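Shared chain: chain A. Partners: chain B in the first complex, chain C in the second.
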Partner chain A sequence: MAVLDQTGGVARAAPDRARPREKALRRRSSALRRAFPYLLVAPAVIYLLGITLYPGAYAIYQSFYLVRFTEWIPVGFDNYVELWSDSEFWQALLNTLIIGGIALALECVIAMALAFFAYRDALIRVWRIVFLMPMLFMPSAVAFVWKLAFNDGRVISDLLRKIGLIDGNLDFLGNVWLARSTLIVADLWQWTPFLFIIFVAALQSQDQEVEEAARLDGASWPAIFWNVSLPMIRPVIAVAVVLRGIDITTMFTNVFILTKGTPGGTTETISYFIYRQGFQTFNFGYASAAAVVMLVVTILAAQLVVKRAFRSGKA
Partner chain B sequence: MEKRRKSKGDNLVLRYLVLGSWALFCLVPILWFLSIGFRPRTEIITPEPIYWPTFSLDAWRLLLADWPIFDYLRNSVVAVTGSVVIDLILGIPAAYSLTRYEYRGRDDIGFYILSTRMMAPAIVAIPIFFLFRNMGLLDSVWALMLIYAAVNLSIVVWIIRSYMLDIPKELEDAARTDGAGDLRILWEIIIPACLPGIITASVIAAIFAINEFLFTLLIASTKSAYTMSVALANFTGGSDGVIYNAIALVSFLAFLPILVLIVLIQKHLSRGLTMGAVKG
Partner chain C sequence: MARIELRNVVKRYGSFTGVRRMDLDIADEEFLVLLGPSGCGKTTTMRMIAGLEEPSEGEVVIGGEVVNEVDARDRDVAMVFQGYALYPNMSIYENIRFPLRMRGIGKSDQDALIRRAAEMVELGDFLDRKPGALSGGQRQRAALARAVVRQPQVFLMDEPLSNLDAKLRSSMRVQIKHLQRQLRITTVYVTHDQIEAMTLADRIVIMEKGVIRQIGTPDEIYSDPADTFVAGFIGAPPMNLVEGKAENGRFTAPGLVAACPPDISGRITLGVRPEDCRVVTDGPAELAGAVYGVEPTGETTYLTLRTGETLFEVKAARDARFDLGAPVKICFDPERIYFFDTETGVRLRAQPQRSAA
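So, the complex of A and B:
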């Protein structure tokens, strides 16, 4: 809102007839100068308010209604009460945390291990471009790659059978943890490079002399990495993990194409829950209530985590 | 440059074993999926997977004959390009304002812009759907353009801002003493000086826009707005199930230009992905 007040200041600084014209002009131009930075940033802010403030307000408003096609029936807090006792909602929340948490943890560990081995390697350019490739496919295409490999084409089952781990076929959609692991593998395959690229860049751009000094003192590389390099790039790790964490909690495409929440809703993420309530059962008011809950969590997370990560990341 | 000497704890066998296996894990599914694009439909979903298929151009024929693939391509290109242009028009002045001026509320505005990146598409999906429906913009490329621009604006602002922070203040001061106004300085000095940042931001915004799925799924419903990303999900032949060879082919058609773009900005990639927080 400060934006609007300040731009309003331009109009108020009308030339005063009693004073010499030059002075009035100067005064107007100083008001303009003060408003200028706000004028530059205002279009972007207004545009973004259009996609955050307006939809946010709309969702809050809609969450107090029962929406039946064009008819809106006010129901007070009913949607929220229902949400509170809806086991599917809690299940979706839990699934998002379980699937996202496991995938994020694995991605961090793998990306860090790969970065540790790769960043001083002579072939780093090759590793970087090879590891990057999965990230360059459209997420919907990646979902189909794994849908074919796990379910429709039974390739994973066949490979596991060939090395003698199983007999018969695994039903990756029929078992809770198998279904969850397809989502985890698909996410891991596509997005580990995101963290890898950032970690390697951070490791390469740090002060090499510190590592060198530690090495001359006779420390081994794993020890140097753990005690010297990692602490130095900690702010970068924080930013990368926060960004990946945000994206992982909004996981939708893989669920939509790979599992559709089966079996029994154990792979349904919160984004898919909102989508299903809104666009499959057309229960828009209820879906909006879930969206509002997610919005509150997002705002809290942004204030607590993101602000801190980005402030230290700039150091 | 002097070569690094081998030192304690540097196990080359282990190193190449780890890096090599991950490289295989990355490449094998890609190559296998490429092979899907060049096999007949009868050799895709089979009781036993077929690893050495017969070569076939079925998918090409299918794409060109049965699917309006050029419409999807055109929609993707128009919506993505348009959204990047909108982002640059809105984002460059905003980034300039956030870097070059001191004013009340500046950091809060900057953080607000950043925080829109945290918004899950699902939170705003329903209101956005109703908004576009009321504007009569459902199933329209223009709606996609507007929404992609909004989704990526925070990224564009923050990446460009990070590059603008690197421009020495003296460059600007010199121009100012020559009597250049703020807008001229932005146009003639700042923009050329942070061109790598602008290109990086554009490429990353374009890739995210190409990949966007949820909003496109809700807004597009026919070939007049389907993009490549969402069209894939509809490559099903009714009772025959998913048409994987066509999907594979389309995903490689989208992959190649993205690969070229990424190789172009390779040096700036980590900085772009972290919205400027990492200067690598």
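So, the complex of A and C:
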């Protein structure tokens, strides 16, 4: 204590002895020092605000207007009221839930199954790199390859016929579930690895002693996985699923390139609906209202999932 | 309920040998303690018994059966880990139930077994809690309960008390020993704490750098150490070891002259425990030195002397007080002086100098 007081006294005494000009200088430099961290992160923050907060606020603002090119007519909640009774909007919402839900569920199950077999494997580094690859391709380029495979080039149709699973050609755009499954398969291929890599990392970083304890308690590997490992990595699963879920809700590229919503709007996702309202019918206020609704729904859903996962992980 | 044998067991990690040529025979119902400094291969040895680590060479035998090829889950071995390794998502009740569930013990029998195990470690009131809501000592006991609940053949404990505070450690020590005697399960216990080893063990195995230095009862290890490593490791404060020369039945070192067996000569290390020394005011004495430090512990007073280059510790009377630098003379208990080869550290026993101690 005595030592502390002494040094504190010395530090306090020093500025008094300094001359006024030096004092002012020192004060300014300490202000700079305090501001320095903020200056460092400022570019990133401004950038982020510029690409998220500003457009977001703009969309909310715009959603209360009827926008005809340069003419903005305030309409209050009309856009939202119209959305409520727009069957195309509800259809798009349903499509997104169906396509996204099935894709997300399959991706989770497949990624988790693969992670279960891979995370104790000696070759796990190799697996990680192999699985990373689909994510490295540009989504639109991949979409064009799928377009070739499913639709234009009929590669998949031909393959299925060769192995005798079907007789004629499959028209992947002509059938609701075939069209939806092309979107699901395309998403699966590119994004299952994302979940796989996160799940493997989570499984590898769990306390190994706990797994060993379960082993000695007589549990088989599947039993350990189910009873011990999975519950332990639950928060990580939740976060990964939310991230992937948000991504899937905004599914656009594949829809735009592969199906364009056909047949009969059964593959039109919310993002494509918004795009169509905005950039095909130039109904920007209406598109903005749909985007705002989606934003709110997504935030609420994500909050719910994450909160539940973290709460039951504790105490 | 099982005898454990390690036959010529070796464990290598790449070019590094963690355990070399270990031969060990652990009797049924014995409480065996593996004692040694950190990194000497205790955990590795235990993990090989558990089946969590495969020996590079040699055989592990449990209950007369070579178990090298038997999976950990089929060895009927229970282990208490240093970090407890409780299942964080399960209540204490579920934690204790897990081994029963995994081994297909009927639901109707489970509850009684769980409650009995929890009672044994006095955890009956905490069964609904998650491990995160328990103190270190309670978690420790929960881990014990989970290990004992299915009455395993073998009980393994890896430094189970090292995360507890000193007071809790001594009370848990008593509980563990009581539990082991009650259940009569062959137990291997790993620790680097010699007090734990001395108080718990039927027999102690002292290891250093992957090699067994001595196996014996606590009494044997204490009063009949095989080499300077064991001598220096056991006892708190440890045995004084003074390097010197032996000639014609006399051992000499700076400030120290002692009688030694006539057939011992050359560069010798003398060992004597602090508690086998006596401060004398006059008359003949083996050692003369100056007081370097005084440490009263309440129960007794430890006196550190400086003789020549070495510091020498002596247990003095409880109320003994000395001035720093004061000259002091020390007498050794002639029955309890040990001589070691300085070069190899090996104990030299010229004659049966130790009659009944």
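In this section, the second predicted complex is superposed on the first by the 241 of 315 C-alpha atoms of A that agree within 3 Å, B and C clash if a C-alpha of one lies under 4 Å from a C-alpha of the other, contacts with A are read in each partner's own complex, and residues count from 1 in each chain.
Convention: contacts are C-beta pairs under 8 Å (C-beta built on N, C-alpha and C of every residue); 3 or more make two chains touch, one makes a residue touch a chain.
For clarity, every value in this text was computed on a predicted model and none was experimentally measured.
Contact with chain B, but none with chain C, is seen for A:153 once the two complexes are overlaid on the shared chain.
Applying the stated contact rule after C-alpha superposition, one finds that A:279 touches chain B and leaves chain C untouched. Contact with chain C, but none with chain B, is seen for A:207 once the two complexes are overlaid on the shared chain.
Touch criterion met: A:228 reaches chain C, while chain B stays clear of it. By the touch criterion defined above, A:100 lies against neither chain B nor chain C after alignment on the C-alpha atoms of chain A. Here chain B and chain C are compared by how many residues of chain A each touches, and B touches more. Of the two partner chains, chain B is the only one touched by A:257; chain C is not. In the superposition on chain A, A:215 contacts both chain B and chain C.
Looking at chain A, you'll find residues 215, 218-220, 223, 313-314 touch chain B in one structure and chain C in the other. Residue ranges of chain A in contact with chain C, taken from their complex: 207, 209-210, 212-220, 223, 227-228, 231-232, 234, 313-315.
Note for the complex: chain A touches chain B at residues 2-3, 34, 36-38, 40-41, 43-45, 47-48, 50-52, 54-56, 58-59, 62, 110, 113-114, 117-118, 120-121, 127-134, 136-141, 144-149, 152-155, 158, 189, 193-194, 197-198, 200-202, 204-205, 215, 218-223, 235-236, 239-240, 243, 246, 249-250, 252-253, 256-257, 270-272, 274-275, 278-279, 284, 287-288, 291, 294-295, 298-299, 301-302, 306-307, 309-310, 313-314.
On chain B, the positions that touch chain A within their shared complex are 4, 7-10, 14-15, 18-19, 22-23, 25-27, 29-30, 32-33, 36, 44-49, 89-91, 93-94, 96-98, 100-101, 103-106, 109, 111-131, 147, 149-151, 153-154, 157, 182, 207, 210-211, 213-214, 217-218, 228-230, 232-233, 241-242, 244, 247-248, 250-251, 254-255, 258-259, 262-263, 266, 269-271, 273-275, 277-280. Residues of chain C that touch chain A in their complex: 50-52, 72-75, 77-79, 81-83, 85-90, 98-99, 102-103, 130, 132-133, 146, 150.
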